[in-house]
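The two complexes that follow have chain A in common; it is paired with chain B in the first and with chain C in the second.
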Partner chain A sequence: MRLTVPHMGLLSTAYTRVLRQQGVDMQPPPAATVKTLNLGVKHSPEFACLPFKINLGNMIEALDNGANAILMPGGYGPCRFGYYGIIQEQILRELGYQFRMSTTDNPDRLSDMIDTIREISRIRNRFDGYRVFFLILMRMAALDRATALYHYYKPREINRGDTDLILKEAIRMIDLADSYTRLFRTVPEIKRMFRAIPIDKTLNPVTVGVLGEIFVVIEPFANLDVEKKLGEMRVEVRRGVWLSDWLNDRFRFRPFRRNQTRYAKKLARGYLNYPAGGESMETVGKTLLFQKKGVDGVLHIMPFTCMPELVASTIVTRISKDRDYPVLSLTFDEHVSEANIITRLEAFVDLLERRRDEGISRH
Partner chain B sequence: MKHLRIGIPRGLLFYSYAESWKRFFQDLGCETISSPETTADILKEGIRHTVSDLCLPVKSFLGHVAVLKDHVDLLFIPRHVSMEQESYLCPKMIGLPDMTRACFASLPRVLDPLFHVKQFGDKAIDEFTRPVAESLSLTPSRVADAYREHMDHTTEVPAEQHRRSERLLAEEAVVPRFSGKMNIGIIGRPYLLFDRYLSKNLFHFTRKLGANPLSFRPDETEIREAMAVIPKWVYWDMGKEVVAAAHVFFKDDRIDGVINLCSATCGPDSFTGDLIRKRLNQRNKPYMSLSLDEHTSDVGVQTRLEAFIDMIAKVTA
Partner chain C sequence: MKAFLGIDVGSVTTKVVLIDDAGTVLWHSYGKTQGQPIRALQSAFAALRRDMGDTEIQGVGTTGSGRKLADYVVGADVVKNEITAHALSAIHLIPNVRTIVEIGGQDSKLILIRNRVVTDFSMNTVCAAGTGSFLEHQAVRLGISIEELGNHALAASSPARVAGRCTVFAESDMIHKQQMGHNLEDIVAGLCDALVRNYLNNLARGKDISAPVIFQGGVAANPGIKAAFERELGQEFIVPVYYPIMGAIGAALIARTTKKTRFRGWQVAEQQLSTSSFYCPDCPNSCGVIEINNRNGVIARWGDSCGKWGILGG
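And now, the complex of A and B:
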């Protein structure tokens, strides 16, 4: 059985090597390209959301490369994600593919995840299951840590592209760190590498908080690499949604990190009083948080027709008006063009710079 | 004491529960005012206040809020999260009170009690009625009793009351079933089907073309049967009903064709539409999906309807 799991940001880097060591025959889909997207779009319902389409493309490409089993997390709403696997399986069967489909229907329950891992690997007892699962989570946290360092150093780098190379190297190193000991040795190493990048210490870059639907935020292919684009415009990105936070809120593997969902809920009170699914709470709560912290503006990104983020977007627009806080909402689908995104980002950054010069924002 | 005037915007869940809500508030000594039927102006007003790619029924709902807001003391916009143990409503309905507040600079007080069976189980009604009691200065038990009398008795089974109120609103739909003419089953969410303006008067035009439009709300058994045919329980309350209605129509020999009326950017319907088309229509019955947005014209809908009916006539001839 060759197992494939559709991509979600850097998640596959976190688990592929670990699961392979446990005897799982992993076949990660090739990194998403325009071809992936086109395949997904061609076979998806017209108004399905972008993550669905990209994931479907991932599945098709992985099956073409020899995978014969798919693992797709599920759930029970209210967002459409919980139903992805069902519709995707139906589409793939219609296309004539033969494969085994497994869905973990309750991604919030730890034992469900462990059982799924046990089922497909040669791990036999539950303790080992937990050990492997937590290693994957720690690797994910390390990847997120490296990305956060990238956000800090990217706008400040003196030689263009230095930071990108270091991030690539950092990802490679985390990928190779296949035990707890190695991982704990790698993380400080990565910090040293970033610190060695020659940077412009006098630069006080404009800061932009990036919020929105988690898949689009963490998947550079889906958001046309907005974070890198912002970095190149000498903007420091403060990302508000992280996959490791999402996992930590559910599985509590980082005891000193606060539960971000609950925190956002507290922050959002008055604007959004009940979570409308997805990252709606985080988007609303953290927009308010970013303003409090003096971040110059917020970039809110989401897939076209995303239900939870449409609620959030409506509310964030009100916050922006009420509190005179710049928010740019960008919607991503298969038709969005690079030039469009760049132009709008540039205009937004210009606005933030001017506000800063005029002393409107708190710095 | 002067009666408190409670405004109920004519949109979304209004089409499922309005009659019960009205009786509920009247029993509590309040006056209820609902907005008039949707018009082009109301929709335009809604579009003016919304900011993004929201779906047609939500835009229309906000238009109704705009019409009502200056004429009432209190706006009733309940937050229905789940109607049953294993279900949710669409995120936009969950966030509806907050979205409404975000769209208008000034609003009367919004009464937004939470209805959440998945979380509160048997206590859902008490949770729902407590904030109502607070804002009307009544005792919680008095309000809960009124709610039980006029709405559900058990939270899990949609009461006859609901169904009746829906049919009342759906006068258009109440026609003799299976009248010998061509029978067209129409499925979709109540707030689209029974809103004459948003649905482009689909029932009326179907009848004008000599066919008999039919629509109903599936009951528990029908839902369970439909869910058994598809691989996974549909976890949206209304989506589930649409799927079940489709299942019944596809099975019934007396139904000649099925139309699925949905909003173009409806999240759940983009998925359930796929299920309906591929899983449920085993016998390949004529099926048409009509998606609506604010740019849809009457003529466009009528043309497609005519073509659909002509096609069925040719197939059955």
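And now, the complex of A and C:
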């Protein structure tokens, strides 16, 4: 059985090597390209969202490369996502592919995740299952940490492109850190690498909180590399949605860590009192949180036809008005025009810089 | 004499202005881009050199969808997006401006300003209904020139109701109205109304359009659209004298802070420049890479997402 899992940001880097060592024959899809997107768009319902289309493209490319089993998260979902695995399976069968499909029915239960890992690997012992799963989570947290360092150093770099190279190297190093010991050695090493980048220490960059639907936020291919674009405009990104947080919120992996998501949900009260699906609560709550923390503005991104984020977007517009807080909403799909996105990002950054000069935002 | 240059290479027209330190317009030109931005720029420069050749250029700003290309051709000190450029020129002209409605060849913008700072903006994303290109296309189809379109609209007695959600449907609805027997004036006025409704639905939903409102961009030349806006919103729309070149003026205003200009000099009008493009074959992204060449070879290249070709500027 050659197993493939559709990409979601850097998640596959976190698990592929570890699962391979446990005897799982992993076949990750090739990194998403325009070809992936075109394949996905061609075979998807038009009004399915961008994540659905990219996932389907991932599956087709992986199957063409020799995978014969697909694992897709599903079950009762945060949004339509819960049904995606089932629909994708049907589309792929109609295209004539032969494969085994597993959708995790209950993605919020840790014991079910462990069972899934035991099913696909040669791990028999439950304890070993937990050990492997936690290692994957730690690797994910390390990848997120490297990304956050990238957000800090990118706008400050003196030689354009330095930070991008270091991030690439950091991802490669985390990929190779296949045990707890190696991982704990690697993380400080990565911090040293970032600290060695020549930076402009006098620069006090404008900060932008990036929020929205998780797939579009963490997958550069889906958002036209918006975080890099902001970095190149000398903007420090403060990302509000992280894969390790998302996993952590579900599995209480680190119970003593202050849970920002729960705090954000508390802040959202009054604007949104119960979840409208997806990351809607986080989007609303963290917009308020970012303003509290003095972040200059919020970039809210979502895929076209995303219901939960559309609800959040209306509320965020209201918050922006009520509290005089700049928010830019961008919607992504296969028809998005890059020139239009760049123009609006640049204008938004100008707006934030002017506000700062005029002393409107607190700094 | 010392002066600053502002260049706005738009999808349909190319605008070049020369201003002095105080922001007064010394010279300006307005010509069709016609899909050849380099040629449009060079002919504007030839005219500028003829008229103002003794001027010392102290700073250059570019804006518009062709801002990057213009930068490579002339050597710019600032490359600014259209929204900021339009806002700055409007604020310069009318310091207490609160709303800017800008409609150009292929895009439209709404910019809100409070206390001389941009507080919010929106820009059309998917549909070009209501922009200059569509109006021009319809004028040609109706057999009238784009310049007189507005006056026809003003002469209407009872504007026809034209569907304005989408340009294709607007066109078929106009044909339908013609065949029903509505006269030209009423149809043109109906078209203006439809485009204004489309603009307000797409860009102005939930936004506070308060006076003074400045109406700029090429479409501001059309008194029919201006009248339709004023009817719909019950507010006066101010059309500044330099309405079609406000973006270029904004770019020039920003360039005033330049210390030492990167301007390549007057010979940009005669440079032998050509552009070419190819699809990079190295991965399935097939990025379209654009090259600008002069006689000595490639001087700039961009368009690749991985950065391997963009060695000469990103």
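The criterion applied here is as follows: the second predicted complex is superposed on the first by the 357 of 363 C-alpha atoms of A that agree within 3 Å, B and C clash if a C-alpha of one lies under 4 Å from a C-alpha of the other, contacts with A are read in each partner's own complex, and residues count from 1 in each chain.
To be clear about the criterion, a contact is a pair of C-beta atoms (placed from the backbone, for glycine too) under 8 Å apart; a residue touches a chain by one contact, two chains touch by 3 or more.
The shown structure was predicted, so the numbers you read here are calculated from the model rather than taken from an experiment.
J.: With chain A superposed, do chain B and chain C clash or fit?
T.: When both complexes are placed onto chain A, chain B and chain C end up side by side without any clash.
J.: I'd like to know which partner A:Asn223 touches here: chain B for first, chain C for second, both or neither.
T.: Once the two structures are laid over each other on A, A:Asn223 reaches no partner at all.
J.: Could you say whether A:Thr207 touches chain B, chain C, both of them, or neither, answering first, second, both or neither?
T.: After superposition on chain A, A:Thr207 lies in contact with neither partner.
J.: After the superposition on chain A, what is the angle at the C-alpha centre of chain A formed with the C-alpha centres of chain B and chain C, rounded to the nearest 10 degrees?
T.: 80
J.: Now for A:Lys35: first (chain B), second (chain C), both, or neither, which partner does it touch?
T.: A:Lys35 sits against chain C, while chain B stays out of touch.
J.: In the superposed model, which partner reaches more residues of chain A, chain B or chain C?
T.: B
J.: Is A:Thr317 touching anything from chain B or chain C once the two structures are fitted on A? First, second, both or neither.
T.: Both chain B and chain C are touched by A:Thr317.
J.: Thinking of the overlay built on chain A, is A:Phe47 touched by chain B (first), by chain C (second), by both, or by neither?
T.: First partner only, chain B.
J.: Thinking of the overlay built on chain A, is A:Glu346 touched by chain B (first), by chain C (second), by both, or by neither?
T.: Second partner only.
J.: Between chain B and chain C, what is the tightest CA to CA spacing in Å in the combined model?
T.: After superposing on chain A, chain B and chain C come no closer than 5 Å at C-alpha.
J.: Considering only the contact definition stated at the top, list the common interface residues of chain A for chain B and chain C.
T.: Touching chain B in the first complex and chain C in the second, residues 317, 331 of chain A appear in both lists.
J.: Enumerate the contact residues on chain A facing chain B in the complex.
T.: Touching chain B from chain A are residues 45-49, 74, 76-80, 82-83, 86-87, 89-91, 94, 271-278, 280, 304-308, 310-315, 317-318, 329, 331.
J.: Which chain C residues qualify as touching chain A in the complex?
T.: Touching chain A: residues 65, 80-84, 107, 115, 117-121, 123, 125-126, 206, 283-286, 305, 307, 314 of chain C.
J.: Once bound in the complex, which stretches of chain B touch chain A?
T.: Touching chain A from chain B are residues 50-54, 79, 81, 86-92, 94-95, 97-99, 101-103, 112, 114, 230-232, 234-236, 264-268, 270-271, 273-275, 278-279, 291.
J.: Can you check the complex and tell me which residues of chain A touch chain C?
T.: 33-36, 160-161, 225, 232, 317, 320, 324, 326, 331, 335, 337, 339-340, 342-344, 346-347, 350-351, 354-355, 358, 360
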